[in-house]
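Each of the next two complexes has chain A plus one more chain, namely chain B in the first and chain C in the second.
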Partner chain A sequence: MVLEATMICIDNSEWMRNGDYSPSRFQAQADAVNLICGAKTQSNPENTVGVLIMAGKGVRVLVTPTSDLGKILACMHGLEVGGEMNLAAGIQVAQLALKHRQNKKQQQRIIVFAGSPVKHEKKMLEMIGRKLKKNSVALDIVNFGEDDEEKTEKLESLLAAVNNNDTSHIVHVPAGPNALSDVLISTPIFTGDGEGGSGFAAAAAAAAAGGVSGYDFGVDPNLDPELALALRVSMEEERARQEAAAKKAAEDTSKQGGEQQAGSQEASSQDATMTERASASTSEAENKTTDLMDDENALLQQALAMSMDEPAVGHDVKDTDMSEASVDDPELALALQLSVADSTKDQASQSEVLADQSAVSDILASLPGVDLNDPSIKDLLASMQNKSELQKKNDDKSSNEEKK
Partner chain B sequence: MACLHDHSCEDHDCSSDWSLYKHIDLDKVSALNEATTGTVKSVFKAWEHRLNTSGEHLESNEGDPELLVFIPFTSDVKIKSISIVGGADGTSPSKMRAFINRDGIDFSDAQSMQAIQEWDLAENMQGVLEYQTRYSKFQSVGNITLHFPDNFGGDTTKIHYIGLKGEATQLKRDVVATIVYELMPNPSDHKTRAETGGGFSHVE
Partner chain C sequence: MSGESATTAIHKGQVDLLDFIDWTSVECLNQSTTHSLPNAIKQGYREDEGLHLESDADEQLLLYIPFTQVIKLYSIAFKGPEDEGPKTVKLFSNKEHMGFSNVNDYPPSDTVVLSPEHLQVGKPVLLKYVKFQNVRSLTIFIEDNQTGSEITKVQKIQLIGSTVETTDMKGLKKIEDH
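Here is the complex of A and B:
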């Protein structure tokens, strides 16, 4: 998408009548010029292209830099072949034409088609090259047609003098079955300086090569952009979904190990871990569901243990299993315990619990209007304790009697 | 280190005077005949860093000492003086020519056009010399082009720092934003206050 003004220098000398490029050198050149103009104007709508001829009666500008493709194509029509090419003058006139371009923001570029032998000295070409470089004009050279050592050498030295950071290029096109334009399409002359090429160039290159393998999904984005886009988007979504699934699976396995350990720890630490988990931003919902599931598991185990009459189950686990609030409220815990004890255990344990004076006094203290220091309350407590002792004695007696 | 001002630099902070570099539109700064594209932006920095030769600097191509630097500003400025710190061993520029508010000057233009002001530079290794401008001509500068045609005999020309002293106004140059061109102007389309009651209405 570089903003560029380009001048194309055409060789219409006698050497262009030759038919070694089909249909003739001149025709092949004209096709290439048309293709270049199209590519330039398409890559950036503000690009301008101009054309001049180097041979014939003399160097002549056919069209000054314009973005109107029709004008350019029209001027190529009806050109006459003849005379000798004047490379140096051609390049200098092209430089002048670019200097007077309307939009000074455009980068300057000259594309030269050198088909006939070069009659200038190497030194002169190098001087021209340096002048171009000084005025930051880039130069692309298409070396085709006549092939001799001297010409190649001179053109290479010209390129070396102009080249500034690889903005200028030279392409050697030998005569052969491939058309001149086809060979040029894959060169940096078409694809621009390291930009990866315009869509035009890429599509044209693929069409010329005859293969479809260049595209990701077997669909030419130029031919069917919507389908290509849809395929690409669905591929992205699938990839994203798979990544998310993989991530979740990894998280779950790590979470599972952590959860079981937490379940067996004491209430406080479990509380801490629960709050930690609660504060974790991502996948909190997942955490909650797994927590609940573990809580249910623990409850189940608890119920099993109780039914098997295991007294060894600790207070802590009971507390947390019942509810989150239970840890903070020992009275509530006791009450719950009592209720649990009611449903599963026999009277002996109940009396034991009742005999747990400290717990009882705690409960009584929490009742409104009850003052532990009140003598009547104290008497009541004492009587309860006696009662339980009496009950114990009775039980022992009865069991003894039964034994007897 | 002595300053060209008639005071010593320790008392007065020179760097605030040389702050026009902040008003330079750095993206649009360009140079012709620079060896590496883009290095021209490194010469616009604060006064304190003017002698800092370790970073990037502007250098011309081998064997060609000419340099052309185009400096656009983000708003119109008034330039009082210019300071240049060049390179050692004859790579300092020896002459400077300035052009105001001209776009797209290249070397042939620069050589043929009359500059708005020209200076003979001295080798300014310590960065203490400043070159005053004819202030009346530098009153509303939207962009300035500096042409350095020659140096002190070195193979290339090196510039480490270009400092500009002056004031920035907040105005932009008069860019006419909307012009309506009429193919067939019709005076009756442009009725003015004096239209009713006969008489000619003049289109302003």
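Here is the complex of A and C:
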């Protein structure tokens, strides 16, 4: 998402008539340019792209850096192939065009398509490279078409002179069945530095791989960028909303492992279940605060904290119940499973101790302070909802005992 | 800092303008990535002998320092190695986004020629005060260095001046930051 102004230097020299890239070198180059423009403007709407030609009658700027994709695509029409490429002049004019960009906050980048032989001296190219580096302009070179060692060497030295912290790249594209644009999609020229692939590039790659010219939502971003953007945004919003709902469900689940069972039994709809959990959680929260006030032992608080996580512990019986409840909603099921799995890992030791319901009541009976005939405890025992409350109390006492 | 001000005779009312620099928009062209501008102007970094600002492709440096409020610039001090430290320094006030190509298009607000003595202790050079009465941003163009070497190194840059409005608030902030 880096804010960038890009100038693309196109090689429209005689060498571009060659057909070793299908359908012709020039056409392959034009496709690549289209893709790059699209990718740049998509990755950041404030990005601007400009195009200039290096051959023909001379170096000429076709369109100054603009974020209007239509303008850029239109200028590619009706370009003629001829003349000789002037790489040095092309780069320098591109630098000048970038210097006069409207938004000075944009990073400067030049993308050069070098298809014909390079007639400049290596020293001259290095000087140009240093000048670019001095003015913090990044340079991407696409080396395709004519392939001779001298050219490669010169371009590599140019890159070395410009490169500052890996912001500049060179890509060598040999002739072959793969289209120029396809090869470029996977390169850092397309994906940007360290971004790991823009969404557009990924979509284009998928489309190219599938051999279908389909786009994300059946809408061509080139033809109707606003609609495509609107569809994409609404899709992401929907996804975010669903994730938020799933997250909320997971949170409620982790608080109320015990209540799940009751909730699921009583209500079939998800809404009712969540309300149930919500009400139960508030009552449990109150009980917990009372306990904190009774005993200011820091260790007790620790135990409480542990026991607060504890309701999420999956007991064998409760595990099945939870899975039953969640059958209706697959997303909820996933969230539940995740929370159970997570909490089970954390509370492994505790879960073993408390897995057995009968063992819990036995432990309770053995405790000095607890009388099973106590009416309040009876009430607690009777109600399924307060099962976890007991376990928590049990934890308090056992930890107190241990400390003593 | 107080010792330095005694020897360099900072006039009453003049302060180090370090705190009024707008760090978000500070830029430096042709700096080396490892030895960058904060090394020369940020508090703490600039005192550190091991950290300095270095040029990259050639010996020139172009610094752009905007301020958070309007200031008057009184003097400027450079500290650096005697051989690779800056020599000719041109200052431009209120010119944004200059490049190496247009530094020679405008007359500078002031030109400073540094001697090795200046660089050794960071002795402030008095500027044409009248030209720097209303400074929103300062562009410092380091044209060459003492020996003409490939790389220019600057240990510390200190801007001394005063603010146009009284800024008690900023003063409070200064103490909290440190």
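One rule holds for everything that comes next: the second predicted complex is superposed on the first by the 208 of 404 C-alpha atoms of A that agree within 3 Å, B and C clash if a C-alpha of one lies under 4 Å from a C-alpha of the other, contacts with A are read in each partner's own complex, and residues count from 1 in each chain.
Rule of thumb we're sticking to: a contact is a pair of C-beta atoms (placed from the backbone, for glycine too) under 8 Å apart; a residue touches a chain by one contact, two chains touch by 3 or more.
Given the structure is predicted, the values throughout are model-derived calculations rather than measurements.
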item: Room on chain A for both chain B and chain C (clash or fit); value: clash
item: Touching partner for A:Asn164 - first (chain B), second (chain C), both, neither; value: both
item: Chain B versus chain C as contact partner of A:Lys99, first or second or both or neither; value: both
item: Which of chain B and chain C A:Arg241 touches, first, second, both or neither; value: neither
item: Touched partner set for A:Asn135, first chain B, second chain C, both or neither; value: both
item: Residues of chain A that lie at the interface with chain B and also at the interface with chain C; value: 99, 104, 130, 133-136, 164-165
item: Interfacial residue positions of chain C with respect to chain A in the complex; value: 29-30, 33, 56-58, 60, 96-97, 99-101
item: Parts of chain A lying in touch with chain B, wherever the complex brings them together; value: 99, 104, 130, 133-136, 164-165
item: Of all residues in chain A, those that touch chain C in their complex; value: 99, 104, 130-131, 133-136, 164-165
item: Complex contact set, residues of chain B against chain A; value: 32-33, 36-37, 61, 64, 66, 103-104, 106-108
